[in-house]
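In the two complexes that follow, subunit A is the common piece, with subunit B as its partner first and subunit C second.
Up next, the complex of A and B:
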């Protein structure tokens, strides 16, 4: 294989696969990137950890067809420090790779191509088009609530299902303490018979490439995989093989107390009071009175903090505790300036959302403090 | 002068507790060698009276060995309910001196008396009043050690036994510790002691004067730990029972067992008892630890966090099952135990759960019913339909007498004080 390529183009390609390649692996090939020529003017750059695979299509001047498999991190570090705008890559005997850029020349040890895992390919994938910005927004609103506890396997991803009443998609994430649900209309009906769980790592990668995705983004679900395509990129993710809990039943349908307040004011107040939240549990106490919400934290080793904020509330007083981080996470993905909190009693989950914003609800289970 | 004391920490430890209670309740046992424990061939001595100790009988010694050393010993089957009752009265006495009481077991506690000089006088006067209080409430003797750290206070109460009272003021700590053998250092057990001795460290002074960096390099964590102790440094606070750290149950088996399947019934039984005690103490546990001891006395422990804190036997048992593959099962086992740790008390912060509330509520109702029945009619009024292997409790695969002969040990000490095995 031999090719000439713009350094910027190759840097972009290698940057994209950095999150996918395994950093601590016993199989060096899983830390590798596969570069393969496609015709005379393109190359495919792929990486996989066996759960997720990403292939990108990039411009290059192909002199001689072929491929190389080489450590992704090392190559990325070299390429992004190259001095000139163009470089040449050449595979020589015994899996050596030669990179020449201006006056710099590298000779690198590469792997044999045969070791690179077979990339998933689906000929029968039924794609439906999606708006990249909408999907990105949905991921932002759910990813934070995904469980990182590997023993709760079925919660380690975002649950996706087609909406029943309209053309659109619903995403749900929970770690058992809080839950986030977002629904969005889609230009085209999702081809998705039943709900699936997309793994956290896959969503993080999808979120990354959505930033670059332009028109023509599309999604498909085949067997136990999800495939996303856009702007010459194909991301394949193996789905979480588990049963998502019955989330509908834990989203409150009624409430007895509704508070309207400035999201920024509450976030700032929580930031200040959280400095004295106890290490264990991170509890903040909400004391709700007419048009007034008091936040209190008490760290036995440090001291206490209290902040009163003005809110719009008419109703019975209530004292309820929350993990301050859960509330801040929920608020952080609300884009509207005015937020609504719905509460019932100190044992029932609180619901957080942006005023006037349909289609997003953050449910947070209170804590006893 | 008490004002020189940064903290005043009392360690109070009942003398030969179980045996002393038996001798108090049965005058015919007084002045005679009494050994509390089950008479079975594999059981171990829970407590030996001082009369029996003169024959070399000690706690945790196999019963057979105890009988060999002291054939005239009177073996008394433990009455845990009675010991618990007496223990409650002892702890009440301690709490009348300070709210900061950390029970280590039924018969032993730390009491933080810092700032109580005006009420009770100098440390020695405090100790005398505590001894007197216990004597008046229970007619039993307690040994008391007083110093500025938990470690030194405990060593002092040990050395004073029986009926001891030993005060080690801060400026006498080094003189007090220096001549003691290294086995007096917490964390130095049967495994670590010979290693230290081979390197010429025989007394606490040797450890204190050894180079800290070298100790650390040679013994890792243990090195840092014992160097600090040897200098009398032990910043650990007295943690009152509100923040108790673990509840455990272990069985020393009448016959060695092999393999995970044989251990399961014991784990289930232990989970049941631990859960019962968690409920009694209004605790939820966030972690489970399984402890196995091989026939050659090799101790193995593995632990796991629970995703939802619990006081029910089932989740504890299931978590224990999840840990079993991590053990080395090649050797036969003589002891199986289960400990619940990371306890959440009734007034501690507790994160609510979105899922499974109904199922947990039902389980809680069931547990409550079982607890009430057992409180009225005894433990055996209700038993599980399965012993964890899919057989009936009294099925052919197991000898039901295993249970009766086995020795039980309730352990609810703070794990940090159990350094018997070499932490490295």
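Up next, the complex of A and C:
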């Protein structure tokens, strides 16, 4: 294999796979990237951790066809520090790789591509078109609520299902203490017979490449995998093999109290009051009265913080506690300036969403303060 | 061992307590207690939304308390289980003490550990709340009766001599006894209407060999003649191990003890000793405890006795059971004179 490539192009290719390659692995090949020529003017750069696989197509001048497997982190560090705009890569005897860029020359240990895992191919996958910006927004609105507890594997991803009544997709995430659900219309009806769980790591990578995705983004679900394609990139994610809980039962369908308030004001007030919250325990008390919400935290070691904010509320007073981090996470993905909070009593979940916005609800379980 | 009047048994009657601290050597009963709490506390609805599990080695106490303070969702209670709770960083233990004084009535917080330090303020707080449950291994003389009661609870019955034979076979490993009872209940047939006999025990059970050798060497090390002989009969009689194989297992165990003892005498740490001996990590506690009890010279003497027994067995000078009994009594004598 021998090729010339723009340093910027190769840096971009290697940057994209850094989140996928395994840093601590018993299989060294999983810390490697596979570079393979495709015709005379392109190369494919692939990485996998056996759960997620990403292949990207990049411009290059191919002098001699072939492929190589080489440590992804080391190569990335080298390539991004190269001084000139162009570099050449050449595989020599015994799987050495020579990188030449201006007066700089590296000779690196690499491996044959035979050791690299065979990447899944889904030639018969039934893709449906998606709007990349919409999917990105949906991931943003759910990813924060995914559980990081590996023992609860069925909560370690975002649940995706097709909307029953319209052409659209619903994403749901929960860690057992809060839940986020978002629905959005899609250009084409999702080809998805039943709900699937996309793993957190896969969604983080999908979120990254969605930033670069242009027109023609499409998604498919085949067997136990989800495949995303856009702008020469193919991301394959193995789905979580688990049963997502019946989330509908925890979304309140009725409420007795509705508060309208500035999202920014509430966020800033929460930041200030949480400064006195006990270390890593972040309970904040909401005292609701007519057109007034008081936030209070109490830390026996430090003291007490209280802030009153103006809200639009006409109803009975209520005292309820929430984990401040959960509330701030929910508020952070609301894009509207005003937010709505729906409450029933001190033991029932609170629902947060943007005023006037449809299709997103964040449910947060209350806590005893 | 906790049975009568303990907080776990009280679960059957009704409301679970808001906190529990469960520990003890008898892992089977510890696990059984946690499972029982799970069954009672978690309803079939919204289980995923009302159950939190933490590992004490990595969890933050504040997160655990936050989880316990969170209201349940469409259920009466939330369950928070902390395993390896004795490894929990308790820098902010006053927060936990405050929680124990006023626990959330809609949560059940369960701390599980191999053994809590009973002298700590925290454990005393659990005790004060009536929530500390310790499942220690039963005494050997309690085993036959416990086996009979367990058999009854499983809907089967076992004859007295069979319960004693099973107790001889498993030692004080109640979990092993219960597993064996499950096999025996199937062996005699669920609808046969007959009790488990000694013959059933001999034909359908197998003693965990490593456990049995451990128990035998433990008894030797503590100078307990009768327990040692009982352990030997369990291995040769009920498990029907050939004497030469039993001898090989005893020899291997003594070689491991000698390696461990030499490592300890040389000032090596636990990891180095384990690497030298080459046994799984879960055997190390027991092995080190045994190795500390006898001097290297005593262990070398033990190996010499094993060598003599090998020649006696192969030469046919003594009936195999007598030769093995003689070996065990020799080892007991050596351990009591060379520790």
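Going forward, the second predicted complex is superposed on the first by the 367 of 369 C-alpha atoms of A that agree within 3 Å, B and C clash if a C-alpha of one lies under 4 Å from a C-alpha of the other, contacts with A are read in each partner's own complex, and residues count from 1 in each chain.
The criterion applied here is as follows: a residue touches a chain if its C-beta (ideal position, glycine included) is under 8 Å from a C-beta of that chain, and two chains touch if they have at least 3 such contacts.
For clarity, every value in this text was computed on a predicted model and none was experimentally measured.
**Q** Overlay done on subunit A, so just call it for subunit B and subunit C: clash or fit.
**A** Subunit B and subunit C clash in the superposed model.
**Q** Once the shared chain is lined up, is A:50 touching subunit B (first), subunit C (second), both, or neither of them?
**A** neither
**Q** Contacts for A:245 in the overlay, against subunit B (first) and subunit C (second): which applies, first, second, both or neither?
**A** both
**Q** Tell me which partner A:275 touches in the superposition: subunit B (first), subunit C (second), both or neither.
**A** neither
**Q** Classify the contacts of A:154 with the two partner chains as first (subunit B alone), second (subunit C alone), both, or neither.
**A** So A:154 only meets subunit C here.
**Q** Give me the intersection of subunit A's contacts with subunit B and its contacts with subunit C, in residue numbers.
**A** In subunit A, positions 149, 151-152, 174, 176-177, 245, 250, 278, 280-281, 283, 321, 323, 347, 349, 365-369 sit in both the subunit B and subunit C interfaces.
**Q** For a test of understanding, state which residues of subunit A touch subunit C in their complex under the given definition.
**A** 149, 151-152, 154-155, 174, 176-177, 245-246, 249-250, 278-283, 300, 321, 323, 347-349, 365-369
**Q** Okay, in this complex, where on subunit B does subunit A touch?
**A** Residue positions touching the partner: 307-308, 348-355.
**Q** What part of subunit A is in contact with subunit B in the complex they form?
**A** The touching residues are 149, 151-152, 174, 176-179, 245, 250, 278, 280-281, 283, 321, 323, 347, 349, 363, 365-369.
**Q** Any idea which subunit C residues touch subunit A in the complex?
**A** 45-53, 60, 62-63, 65-67, 69-71, 73-74, 92, 95, 98, 104, 106
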